[in-house]
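Some notes on the structure that comes next.
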Amino acid sequence: PEKLAEFQAKIDADIKIEPKDWMPQGYRKTLIRQIGQHAHSEIVGQLPEGNWITRAPTLERKAILLAKVQDEAGHGLYLYGAAETLGVSRDELTEMLLDGRMKYSSIFNYPTLNWADIGAVGWLVDGAAIMNQVPLQRTSYGPYSRAMIRICKEESFHQRQGYDAIRKMAEGTPEQKKMAQDALNRFWYPSLMMFGPSDKDSVHSAQSMAWKIKINTNDELRQKFVDQTVPQAEYLGLTVPDPDLKWNEERGHYDFSEPDWSEFFDVIKGNGPCNTDRLTARNKAWDDGQWVRDGLLAHAKKKRARHLAAE
Amino acid sequence: MTQDEAFLQFLLRMGDNTLILGHRVSEWCGHAPVLEEDIALANTALDLIGQTQMWLGLAGEVDGGQSADDLAFLRDAWDFRNVLMVEVPNEDFGRTMMRQFLFDAWHSIMLGRLIKSSDERVAAIAAKASKEVAYHLERSSDTVVGLGDGTAESHDRMQAALDYLWPYVGEMFASDEIDAEMAKAGIAPNPADLRAEFDALVQRVLADATLTIPESEFAHKGGRNGKMHTEHLGHLLTQMQWLQRAYPGASW
Amino acid sequence: MTQDEAFLQFLLRMGDNTLILGHRVSEWCGHAPVLEEDIALANTALDLIGQTQMWLGLAGEVDGGQSADDLAFLRDAWDFRNVLMVEVPNEDFGRTMMRQFLFDAWHSIMLGRLIKSSDERVAAIAAKASKEVAYHLERSSDTVVGLGDGTAESHDRMQAALDYLWPYVGEMFASDEIDAEMAKAGIAPNPADLRAEFDALVQRVLADATLTIPESEFAHKGGRNGKMHTEHLGHLLTQMQWLQRAYPGASW
Amino acid sequence: PEKLAEFQAKIDADIKIEPKDWMPQGYRKTLIRQIGQHAHSEIVGQLPEGNWITRAPTLERKAILLAKVQDEAGHGLYLYGAAETLGVSRDELTEMLLDGRMKYSSIFNYPTLNWADIGAVGWLVDGAAIMNQVPLQRTSYGPYSRAMIRICKEESFHQRQGYDAIRKMAEGTPEQKKMAQDALNRFWYPSLMMFGPSDKDSVHSAQSMAWKIKINTNDELRQKFVDQTVPQAEYLGLTVPDPDLKWNEERGHYDFSEPDWSEFFDVIKGNGPCNTDRLTARNKAWDDGQWVRDGLLAHAKKKRARHLAAE
């Protein structure tokens, strides 16, 4: 308890917790879950965008999309690295993803169905992710905080690219504009869900906020996202699929409809449009790649042995 | 054949190689055996697409004002001039990396010569690309060696990949009147002249990989002059060109 | 929504189901486990394409003079109105046959009602199609039973196929305002009303196949109204529509 | 030797040899090879055409192509059936195909690269096949002869459909016409090769002709094919890719260039454009289908056992 008080004092004083520092089990466990899920989201998040790489309409768009998906894999690396400082290996985390013990962001269980979806993912999904992540640059755990700083920089670049891609569609031919609207229709509510259910319904929030693993409430962030995104949609000439959306002068915020939380819980349970396909794809990549990992490992050992023998 | 016509064909050969191989490599995105490989493959694809923009961009200029995108997305299979090797499906990671290695080996040697091209535009593209490709070759060599000299299974898979791909190697060194024209003008080397350097490089790496080069000297051909492609190219184009074909004239 | 608009949607739903499933089945051509199956699958695909010509032909008439080919080859994914189940990839022969069985079961019941449609054109198409589909159902039932009650491996594969496909079953019986409109006009039954007959049929066959129907009642949806498709549909269309998109206006 | 004379006498008198009749080992062996190769050709022949089924440009064309490929599988069935009457099972023959001990027609080692190829295959490849097969309706072995009669009827239907398909292309847009010409350019010489090398170079021909397993010489049939096909190409406005092709008034036949026989022997050795892919596809179909064949067999046995138990 003395240690615990000391620990909390450091956090309150905005001193970062580092891997070798003492920390409560709950703090460690919560962090592993949160960082791991975030890492998995980057990995699974490659799939919906990767779905359009082979169909990107220009060389430039193909290059941008490849670079983006590559960055996401890189974010996965940083985050697995941060999680490893807490004593869990990347392989352990991966196995928990593959057998369903750990989750990834539900947004990636929605399909990408037209090219404007790629813009929408950048604009809305990365937009919502950044909204979540920016405060986490100040999170109490050092390696996590530093990973988030690097990631946020790249993510905001992605978001601008996404907005640019959907703008091009919204300003394009009638079909392109229709694609952009269709993308917004399908991604709007799932994006709002990315902030999680209302904090009233969230069990862990208070402790996580005390530990500065979580900085803002879900509802705060969701409101901020709506306030930021609605004018952008208007600028694009697109209609947010919410008839009750309107500016509330008094609050200084937009009033908006809640997403269908039963859908949210359905998707979490595994019933999203793509849950099965996403996990199948990741399992297949892992299983098919076993011989590669084994081969490279065997070679590394041989090489080391030869090196030692030569000394 | 005029020198301009030959030059266009040469540029298409360079650009179509990087375009089609870049596409194939990009198919791996999100499906590689290790996260580091996902990143490396995306990076390779990205470089190849960037090189495509340069080669096909120049080809389009020479051809009277088409864009690189026009050439990439609006030609049908018979207009492509890439070697057949870059068309074959990825199959497993072993075949993908073996194909990459064999192509990188040729590519790095070719670009090394093109740096000294009498055409400044070609020399400039080659200078930029050769730095990227030196890195590709380093990576693909390491992987081929690591997997060839890994477990029994990884060795067998790499040998099977080499056996499958070897008949596609010869086409990279086949020389025709276009190559002769380019060599005469000092724009590009005669591919046949690169073979000795290629063989030396490949033999060294494959020996480290404990792999055996097939004895047959048979070589598939037809891609570089468009007379014969594989059945795979047409399927690849259905994906690659879909949006441009379905929504002609749109700007993306 | 006017009755004509609803009728068009109904026809697209029927025709897109047979079009997309016919396409999927045709992918097997030359790759089936036994020669007899190659023949049978080609035959099934052929029937489904023939039915597509009738349904989409009528849809095109209703829609003011488009041809069945226009509808098949020139609409993008969002305009398709098939149930999601017919879009999923073939995977192994087991999943292909399980999908066929589940679809055939619904299809045969549906067509049985449509024979009595108040619209004579619909009734005529249904009369012709229902004979073909009765045979499809007989075959797919036999295969599902044979493989379900075969070896341990074939049983497990069929169970996995059923588990994968079951969440796609519910959509075939979802009813919306279009269905209500059709039912009111006596043109087509309300799909929800077919469920009991479907369940009885499927339960009997799957019991013979020693397979267990999953308990979850969750149903994917979106295909019938076009609000949500699978990612697979777009890829399928790149192949299916390629020539028509690449060479617009040509006659084949 | 007495039996042998009797056997030859029956053949000379155009009396069919039936499965239970005595026959020389060489006759049996040659027939098994010939019928087996023919059956395998029908099976492998599904692949180049199947390659375009998913890309057929209209529903009608798709239906026609499906029906055709289905017929070819049917021909395979008849022929395997005929071979089985000689004491070799379909599975044995299949295994010999899959491990390379038996061949199939080399023409199917060429790729189909544009839609006009589908027409060209019907017109040229089926055309050449019919030229080979029509005389075989009179072949001495009863089951083979009867199979050929059924097959020839369907093949000539396919050939007309193929000609119709390529005619549509030749009369179409400039691009379509170019596709038709491109198809003819690629399939002309391989079609000529379908009749086999000149009889001068063929070892087995004399015996096979005495046995009426082979009715005409390769060169006779090739000439007949050229004579029939050249006017059709002219009618289509397509150019046969042979600068030396011309009508020889004196002979009453076209003079034409020989195909490149070194290419022919290369393809037979396994170096055709598609040999590896074709055999890989067939092997994959067979291997992937093992569990299906096993499952259906196991079920049939169970069913029989239940049936017996119930008696």
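By letter and in written order, the chains are A, B, C and D; residue numbering begins at 1 in each of them.
Basically, contacts are C-beta pairs under 8 Å (C-beta built on N, C-alpha and C of every residue); 3 or more make two chains touch, one makes a residue touch a chain.
Only a predicted model underlies this, so the values are computations on that prediction, with no experimental measurement involved.
Touching chain C and chain D at once are the following chains: B. Of the two chain pairs examined here, B-D and A-B, the one linked by more C-beta pairs in contact is A-B.
One simple way to say how far apart two chains are is to compare their mean CA positions; for chain A and chain D this gives 57 Å.
Separating the centre of chain B from that of chain C, both taken as means of CA atoms, is a distance of 42 Å.
Chain geometry summary: the mean Cα position of chain A and that of chain B are 35 Å apart.
In chain B, the residues touching two or more other chains are 76, 238-239, 242. Counting only residues that touch two or more partner chains, chain D has 55, 175. Contacting chain pairs (ordered by label): A-B, A-C, B-C, B-D, C-D.
Touching chain B in their complex are the following residues of chain C: 76, 235, 237-239, 241-242, 245-246, 248. Only residues 43, 46-47, 50, 53-63, 66-67, 69-70, 73-74, 76-77, 80, 90, 115, 168-169, 172-173, 175-176, 281, 284-286, 288-300, 302 of chain A touch chain B when the two sit together in their complex. If you check the complex, the residues on chain A that touch chain C are 48, 51, 55, 111-114, 175, 182, 186, 266, 271, 273-274, 276-277. For chain B in complex with chain A, the residues that touch the partner chain are 19, 23, 26-27, 29-39, 42-43, 45-46, 49-50, 52-53, 56, 68-69, 72-73, 92-94, 143, 145-147, 149-151, 153-155, 157, 239-240, 242-244, 247, 249-252. Taken in their complex, chain C has these residues touching chain A: 76-78, 164, 167, 216, 218, 220, 222, 227-231, 233-234, 238.
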